[in-house]
Every structure is written in C-alpha cells, then in structure tokens.
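The next block holds one structure in the form of structure tokens; read it before the comments.
Here the chain labels run A, B and C in written order, and each chain numbers its own residues starting at 1.
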Amino acid sequence: MAKFAEMRVIIGDKDKDEEDVVAERADRAEELRILEALLFAAEAPLDEKDMAKRLPASADVRALLEQLQKEYEPRGVNLVRVGGKWTMRTASDLAWLLTNESVVSRKLSRAAIETLAIVAYHQPVTRAEVEEIRGVSTSKGTLDVLLETGWVRLRGRRKAPGRPVTYGTNDVFLAHFGLDALTDLPGLDELKGAGLVDGSLSGDFSVPVPSDDPALREDEEPLEPDDLDLGLAPAAEHREE
Amino acid sequence: MNAEMTDVEFESVAERASDEPALVVDVEGFEGPLDLLLTLARQQKVDLTKISILALADQYLSFIEAARKMRLEIAADYLVMAAWLAYLKSRLLLPEQHAPEGGASAEDMANALAGRLRRLEAIRQAAEQLMGRPQLGRDVFARGLPEPIEEIKKPEWTATLYDLLSAYATRRQTKARSFVRLPTRNVWSLAEARETLERMVGQSFDWSPLDQYLIKYLVEPAMIPTVLASTFAAVLELVREGHMEANQQGSFAPLYLRRKQPTGGGDPLPSGPPAAAGNA
Amino acid sequence: MAKFAEMRVIIGDKDKDEEDVVAERADRAEELRILEALLFAAEAPLDEKDMAKRLPASADVRALLEQLQKEYEPRGVNLVRVGGKWTMRTASDLAWLLTNESVVSRKLSRAAIETLAIVAYHQPVTRAEVEEIRGVSTSKGTLDVLLETGWVRLRGRRKAPGRPVTYGTNDVFLAHFGLDALTDLPGLDELKGAGLVDGSLSGDFSVPVPSDDPALREDEEPLEPDDLDLGLAPAAEHREE
C-alpha cells in the first residue's frame, strides 16, 4: 500500500493523474491474475522469489500475496503459507467433503507418531535420544517408515562417540501439516515447560529450538555419501552406538 | 504389596483390551515400561508433578509380578525398569544417610523419573495435536490437476569470427586445390596442335609468325611450354608432309609459317627471304 | 460478476476493503465454496451429477457453476467446460506463464559456419550457389538454423529460372561478430597474413569484396509476403530450383 501511495505522489505532478491511477489499478489486477495463475498451476508451494520473476520488477509480491490471501479467505480454496512458501489449498473446514479414504489407510503406528513428534520437536535428534524419551528401544523399521513418508530426513552425524546419525524434518513435513515454520508446531510452549525443548544441545539461545535449519549445528558433522542409502534401506543394520 | 491397588490396575488393563477376558495382563499393549508407568500414573488422577513415585513403583512391580505369575513373556526393558524401581523403592524407604558415596539421592532419582514421565506425556500431547492438524491429502488438498510448467530451451547460437573465417578459408581452399590439379591434365596434344594449325594457318598464303597463332592460347602462362612444344612438332610434321612452309631467320628469331604455295612462288618474307626451312 | 473486479478497484480505499470482505463472506453461498473446493481438488474434470451428490438436493448445480464461472472469468484461473465436464484452467491469455524459457548456449555446426561465411562473403547468394561454392549439398536445415540465429535473412529472389531465394546477413550478424561493417571482413591478403589461406595458392583464387547493401540488386526481386514464414518453418519444403 505504501508503494501505491508513493507512486501516486510521483504521478500527481502530471495532468493525467486520474488516468494513470486507473492504469495502475489495472496493472495491479493483472499482477494478481498472474499470481493466481501461478499458484493454481503449481505442483508444489512457490516461493516469493520465483513468483517475483514473473512479475514486473516494481511489483510488491508480498503485498499482492496478502491481498490475494484475503480475497480467497472466504472461499472454498485458500491461499496459505507452508514452510515459508505459498500454495493454494482447499479450506480445512471442507475436509468432510473431500476426505480421502485411501490415504487414511496409510495410518502411522503409535510408535511412529511418537517418534515423528520427537524428531519434529527435538530436532536434530539421534535414535538414542528418541529411545531415551520414549523409554523403549525403537526399531529401525519405525524410522524407516518415517523416512519413507518423506517427512523425516537424515541430517548428519552427531560429533559424539559412535557418531550417531541425527534426524530432522523437512519442507514436505511442514507442507503436509500446513505449518509455515517449525515455530508454528502446536504445543511447543508446553514442551518447553516439560524440559523437552531446552536448547541445551546447541547452547545458543538465538537459534530457534527446535530447528530444521539445513545448516548443521556445531555438534553435527556431514553424512558420508553412502549414509543416505543406508538410511533408507530397511534391511541394512545401521548401528548408532 | 497393596492388593487393592493391584485390583484397580487389573481392571484398567482389562479396559484397554475390552474384548479380552478380565484379569489379563497385556504387556504388549504398552509402548515400553515408561508407557506402562505413565498409564499407571494417570490412575493416580493427580498432576504428574505431584505424583507419588513410591506408589507408582508399587503398582508397576505388582503389575509385573502378576504378569510373571501368568507366565507371560515380558520384554527385557520392562524387567530392567522393575529392577530399577525396586532399587529406588528400597532407597526411598531407607533413611537418606545410607546413600552411596557421590551418587544421586533417592529423591533426585524419583524426580528424574517424574520428569521423564512428564516429558513423555508432553510429547504425546504434542503428537496428538500435530496429528490433529489438517493434513495434506487427508483434510486439505492441493490442486488435483496442476498444470506443469513447460521447459523451453531456447538456443543461443555461438560462433566466433575466427570460426567463421577459418571455416571459409578452409572450404574455399579445398575447393580451389581440386581445380589446380586440372591444368596438369590440360596438355596441348600434338593432334590438337596440328588441327589448330591446319585450321588457322591453312587459309593464309602469307608469312605469319608462329607466335601470332599461339596468342589465343597464351592467355594462361602455365600453358606456354606445352602449346609451344606441341605446335612446333606439328609444324615440322606439316612441313614434312608438304602442307606448310616454315622460315626462321636465325636462332631464337621468330618462326614464320605459311601455307605451301601450289605454284612454289609467293611473297617473300617481309624482312627478307627465308634462309632455311624447318630450322629449329 | 464484477464483485471481484470491483473489490480490486477499490483496493486503494482501505476503509471499504475490510467491510467488503466481511460482507462477501456472509453473502457467499456455502454451495459455491463446496463446488470451488471440489473443482480445485479434482484429479479429472467433474460432471454435474458428481458435484450434485455433494450438494444439498435443492441446489441448482448448473446455475451455481455458471455463477462460479462468471466470478472466475476475470481471474488468472477460469472455470471451463471440457467435454461436458467442468474443470479449472489457467486463463488462456496467461499461458505464457506455464512455459519456462531457458537459454542454452549452442555451437553452430561446421556446415552451418561454412554456409554462414559463404553467405557473408558472397551475398546475395542462393542455396544453389552456396552448394556450388562449398562443393557439397547444403541441407535446408542448415539455412534454417542460420535464419534462427537471426544473423541471416532472406533478401529477395533471384531473377532466374526457379526464382531461388537470395540470402544475406544483417546487423545482428555484424554485432555478434564485432564487425563495424561487412567490409571489415578480411580480404584475401589478410586471410593469407593470418595464415588462414595458403600463400602458395594459385592466382585464380579470389575472395569477393562483400556487401550487405539492403537494396536489391538488378538480378533480385522482392520476396512475396508469405516467403518470410516459409523461410522460418523448418518443416516446409522450400525448393530453390
């Protein structure tokens, strides 16, 4: 909106003030159409930079997206932000209309759900840490199932005896649960209260905890090239201690 | 051991597996000893911060005891926890001065256990909330028919001036060299020379220098030797056969030719009478 | 319709903005939201019967769809009917958004460079003349590539049997090769000096003085209007003899 006002001031000098304003409104409408088309056509969430490439350099992409988000808010399809990107999604109150039975059949086990939550809220986390929180040994299969969903990834290795693999979530996880960022995870405050999320691993309170920042932490080191294969091969024995 | 508590416990286990007969201890229904402890703790119906670890340890131990009496297989994790709880219980019941040198106090150990239970409960609540969120492909949906972006690769052609010139020069030269070979085949044959001489000189009864007849063919310098040689040989032949007369005033002087006079007469050479016919 | 268009035009008026959104939310029939969500999420075009099943029995599906179609008409995504079924599609005037042009640097083939050089030195030149100079037949494709580079243009037609097209270079050619004028192309002596032509080559070897004078020569006549299309269509058979 600020930019809009500014432009008006600049063109205020001209006699053709009115005409220009009308033209600008038309431009803006066209920019919204372009964003609309891009967002509807996209197979995956789009980031603002990619969208900006298709718009005039002067366009304020963020403001336009917010405008579009508002326009779609009452509709059956909404514009939402997931993992810092933008995407169109059916309105969540219409779930009853569209609920897909076949997907429900791919239900996760209780162990897998708990493990997913621990990875999400406590990442980067090793299998031993997951086991410590759950108080039970976690089968390799459980982590494999989560890797297969595409929500959990191998991050690196902890700089500790045995160099255990660290796990974290990724953008697919955020998109699946409609989260813009990890800080939007529900119940994060309660977990902080329960001492689950304490930042003691990083020792640096400026780092949001949990963090899915792809950059490795100080206590992590990169995976070797063949770790990724191992991590996904269900049969492979893959010890962490 | 408190029999009343054990009963309560058994009832709750029966509830978990309502289709099973009562008094069945179902260890497999739990996600490990902490899960079992948490389930037992919930029965105290108090805030986990105010939980009685001692009572909890009792419940856990009696649960395991009952399971063993029924000869159920119990995973090692549960037995390790049972041993640890039995130890904790004994420590909690003993006066604190008997604590081992440098070790954690029984109270610390109890608090740590309570903390772990709180943490597990918190993560379970979080998991529940997370799974309760609208999920993609279950509750909310992306575009069913996305329109993929078509990649168009636009070629940007490159060539340098050097490429251009060297390609041109190479091609033109290759072509030119194939022509250069042609003149070597282009020998002025004796037959050709004779035919030309007969046609050209044959009509003239006047002396004419040989060069004049050759001019037409001398345009190309490379042809001079072959034309000259063949023509001279042809002249000699024609003279011998009596068709033509030749005259040369001296060595390297121009060679004059004329058709043989039928009468033997004719004009003399412009610069004097011929000295010796057929002199080369 | 113009509910949406209207909303956009008043963007500048911040006061009215929010009120309008609220009003619209109230107005908007739930049926339209349902249709919107169904159409958006559908993996194939939907027919009216299928949609009617998800709506109250009283709903006039056709009328609702037509209303939705009108609402989306000015937008970047339209509601269209294909084969009697309904689906959402990117507005046809925005189809360009769905293509991503990337520039790939490609080297000209040897044949194309030779042909280009001959066109440059010997223009105006016909394909038959290029072939004569090269001593090998030159495919139509080679000349098409040169036309695609934008360096070669169709000049006219030779006043000769078959009226073959004459080719020449243009300003883009000069710019690409850093030439100020076509006469800057080196002559025979310069080519010899640069070692590109063998100095011992016989005397009849000559290099023409090139000229890209746009004026047609005496033996050229203008192209017909549709020659330019033909010249660029790779498939079109376009004979010169």
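Quick note on the criterion: a contact is a pair of C-beta atoms (placed from the backbone, for glycine too) under 8 Å apart; a residue touches a chain by one contact, two chains touch by 3 or more.
Here the structure is a predicted model, which is why all the values come from computation and not from measurement.
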Chain of greatest Cα-centre distance to chain C: A
Chain occupying the middle, per Cα centroid: B
Interchain centroid distance [CA atoms averaged], chain B/chain C, Å: 27
CA centroid of chain A to CA centroid of chain B, Å: 31
For chain A paired with chain C, centre-to-centre distance based on mean C-alpha positions, whole Å: 38
Multi-chain contact residues (two or more partners), chain B: 141-143, 147-149
Chain A residues counted as touching two or more neighbouring chains: 40-41, 88, 90-91, 98
Complex contact set, residues of chain B against chain A: 31-35, 37, 77, 81, 115-116, 118-127, 129-143, 146-149
Of chain B, residues touching chain C in the complex: 141-145, 147-161, 163-180
Chain A-facing residues of chain C, complex: 4-5, 7-9, 11-12, 14, 21, 24-25, 28, 32-38, 40-41, 54, 74-77, 88, 90-91, 94, 97-98
Residues of chain A touching chain B in the complex: 40-43, 87-92, 95, 98-100, 103-104, 110-111, 113-114, 116-118, 120-121, 133-137, 175-179, 185-188, 190-191, 193-196
